[in-house]
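We just call them A, B and C in the order they show up, numbering each chain from 1.
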Amino acid sequence: MPKTSPGNGFEDFRVGQVIRHATPRTVTTGDVALYNGLFGPRFAVQSSDAFAKAIGYPRAPVDDLLVFHIVFGKTVPDVSLNAVANLGYAGCYFRSPVFPGDTLSALSEVIGLKENSSRKTGIVYVRTTGYKQDSTPVLEYVRWVMVRKRDEAAPARGDHVPRLPTVLDPKVLGEACPPIELSAYDTALSGSPYRYDDYEIGERIDHVDGITVEEAEHQIATRLYQNTARIHFDLYGAKQSRFGRRLIYGGHAISLARALSFNGLANAFHVAAINGGRHVAPLFAGGTVFAWSEVLGKSELPGRADVGALRLRTIATRDRPCEDFPFKSGDDYEEAVLLDLDYWVLMPR
Amino acid sequence: MPKTSPGNGFEDFRVGQVIRHATPRTVTTGDVALYNGLFGPRFAVQSSDAFAKAIGYPRAPVDDLLVFHIVFGKTVPDVSLNAVANLGYAGCYFRSPVFPGDTLSALSEVIGLKENSSRKTGIVYVRTTGYKQDSTPVLEYVRWVMVRKRDEAAPARGDHVPRLPTVLDPKVLGEACPPIELSAYDTALSGSPYRYDDYEIGERIDHVDGITVEEAEHQIATRLYQNTARIHFDLYGAKQSRFGRRLIYGGHAISLARALSFNGLANAFHVAAINGGRHVAPLFAGGTVFAWSEVLGKSELPGRADVGALRLRTIATRDRPCEDFPFKSGDDYEEAVLLDLDYWVLMPR
Amino acid sequence: MPKTSPGNGFEDFRVGQVIRHATPRTVTTGDVALYNGLFGPRFAVQSSDAFAKAIGYPRAPVDDLLVFHIVFGKTVPDVSLNAVANLGYAGCYFRSPVFPGDTLSALSEVIGLKENSSRKTGIVYVRTTGYKQDSTPVLEYVRWVMVRKRDEAAPARGDHVPRLPTVLDPKVLGEACPPIELSAYDTALSGSPYRYDDYEIGERIDHVDGITVEEAEHQIATRLYQNTARIHFDLYGAKQSRFGRRLIYGGHAISLARALSFNGLANAFHVAAINGGRHVAPLFAGGTVFAWSEVLGKSELPGRADVGALRLRTIATRDRPCEDFPFKSGDDYEEAVLLDLDYWVLMPR
């Protein structure tokens, strides 16, 4: 019997199944440094222990997206190794800040299954929770992927399509943010005078700068997350894929867009939740990523006068500056659009 | 007098000579993060402080091969800067776990010398020990290299060919492994249910995945080890070499093969010893590395019921998946083979 | 009103203006590891906690140039985002060692302004101080850049050209160096027997080795410093620049030259000051950097018998080994020269 994991086929999943994923991972200041080198984020809370302490954190928390990528990476060998397509994610919210020294693990529950009419593939819906060594949940999200069947003749287990979360309720948005000492929030150090009240719904912001991605960079990032999807690392195999080359992990574009968004959103110090995201087009090495954002909504947080939440749409593009806010032509995204991300950030008030 | 070190020529060595190598190096979680980003290992013991503590380590130990590369790197300026060829290494075993914060140094004793009949070069045999700040040895190995003479007319000092170690005695294999608390070894988190008893001599495992190497990646890795061999970094000089381009440090392929071997050997949490290794062919950037392993032997450890040792041969290839276990045609290695590594790993029983 | 920072134009500065820069940055062993992987320095004091402690530091200090790059990076969004040219820096000296865990911030005072006769640009002179969370200054330097006016019709504020520091006074050179316990300074571990007294004014040293730079490497380095100058990261924009490709941050060549200088200057364990530097030619990915140094001067430090200062000129070249010390032909630098750096290092006596 082969000891190598072939990954799960569609018929291996059942609704209610709980998968405890390998490999637990202690996050360190080393991971943070490498993340900084790869993406260049400049948000003061994550960059400076002194700044973070002054406003109420015990020390600088780990970048929210680094936490997301590590948790996500753990699910790949069990959930999406045989995926034909990553269809979406939703209802993602951060439940506790993560600090260097914390060990992250992940657990997924299968919450839905739907065989496709071809009977060759099916859609698997999972709810994944990332948690710390002491069982504190740090992150939760729903994801659905199209997975090949190992055996097309295998019987379907009956469909169950879950109700997917859409926009997250503002009351969960503050879970991973301690009370912020506003008087200590120094906007000279944070890089911008604009706070929650300065942003208006409908406002659009061009993040101006562009960052080119190299093969070595996305490979290092994706291995750092222990994400094992072959298409990101294996040029030999990728040459035989429909892309003909290595495909960059979708989360790489998210992290680049978030880092770029500092220019215009410097005080959006915490990604509180991701309502949903769409990887509109693949990204390959050599491409330069630009981004712009629109404020889709604003929300106070129940019982909190320290921070407010902005709902943002951030669009990332490839080889296309965003001063004219490229988005859609009719129903279709413009050709240069890579990513359409709908998420909540917290800002000091 | 030039203050630049030209490295030692063959005639500069004498049997019994002890060389204390520069530069001592404190290993940190930063080094571990970078190693993870470069190779993507997923062994739970090295990845998670929580997992490591549960089974009996004080915290997650540093990857054995990272320790090897750092110790090896220190020897380069003194031993192999003028090497024509790295001929082999043997008798390598780990003597104590290394943790972030430990400072590593290296010391080599010249144990053999043999001038070649051309009188232009000779073979130097050294036994190298890596040790910590408190003199605890962490690693020991024998290595032999062919080194140019500075002056062909220099007299030979008389040959002395040492007896080289072959397969290591199982009784030394547990030195760097604390007693393991088997009841806490969680195989869901470690990524595989297969333990020592599940492997059989002669069993072969295709590790399935491939990883492509970029120039930036191997340069970063090799500099991290403070290895100064020019051929790895200097494109200008490399263009005039027989390869015409930068040659990737042989240890890079070893680390890739070890990381790939997780898929099939997830519980082989400790490299206890390396009996010997052969770099069959050079590896260059752009190549995709695959690997497979064969169980050459099994051994209980004297007095220990917690772990057992598997002797493995791991073969790494370039641009050649390993589902049919490529190895040799007659006496010669198949063309795609890069590395033939014979080593011992420990697994929980 | 756009919330994106467009950077300052020449007319936005005034003499006496003080700018507190974003983003404070906690330096960690992760940053140190990445710096080591990118440049490969081997100076024992920065590499080993054990070595550093033995001679009088509380632990291994952070590489001086990493500190410089981080502080410099902070000033870019405010000072040089609209720079046409970085004209020079001077009077740079290190005032306190930096250790992992320290948080660095930067503050600049505008000390001079001079509009150019074209009235399209002007020269801005700033004195920048890097300091720690407890306000300890760690670094100070003067820099002058040519900055575009936003509006050519904007009136000039009146010129003020400051007196620039030339060679630094030796009495400030020891500020960032604790008393060194010479008996514990082990020259086998540090990699060279040559101390302060072994170097002579006029002596020239070829550092022999070459290092090739990859795009991924300089991008990772420059993002690590949170330096936002677009030309280093944005291939799309760079294609339309006069270079047609990404330009490597000038500090990258300085760090490479410093790392290369270990071979010949292994005991120059501390960069105490930079009198001035000139980036003679741009460096692009694929180039191999070589370096050589000349001892321009020597100085004892007032009241200190432990260390002495060497004033060095280090020349870095591109694709040109330095065994014949390439420098100038007449008044012009030889074509291969990249960098001409005039600085002080400390050595044990």
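In this text, a contact is a pair of C-beta atoms (placed from the backbone, for glycine too) under 8 Å apart; a residue touches a chain by one contact, two chains touch by 3 or more.
None of the values given here were measured: they were computed from a predicted structure.
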> Rounded to the nearest 5 degrees, what is the angle of the rotation that puts subunit A onto subunit B, matching CA atoms?
Replying inline: 120
>> Could you classify the subunit A-subunit C contact as same or different, where same means more than half of all interface residue numbers appear on both copies?
In response: different
>> Measuring centre to centre with CA averages, how many angstrom lie between subunit A and subunit C?
In response: 36
> In subunit C, which residues are in touch with two or more of the other chains?
Replying inline: 28-31, 33-34, 214-217, 220
> For subunit A, which residues count as touching subunit B in their complex?
Replying inline: 2-5, 20, 22-26, 28-31, 33-34, 77, 100-101, 103, 105, 133, 214-217, 219-221, 223-224, 226, 228, 230, 233-237, 246
> Within the complex, which stretch of subunit B touches subunit A?
Replying inline: 28-34, 36-40, 42-44, 47-51, 60, 188-192, 194, 198-199, 205-212, 214-217, 220, 263-266, 286, 288, 290, 319, 321
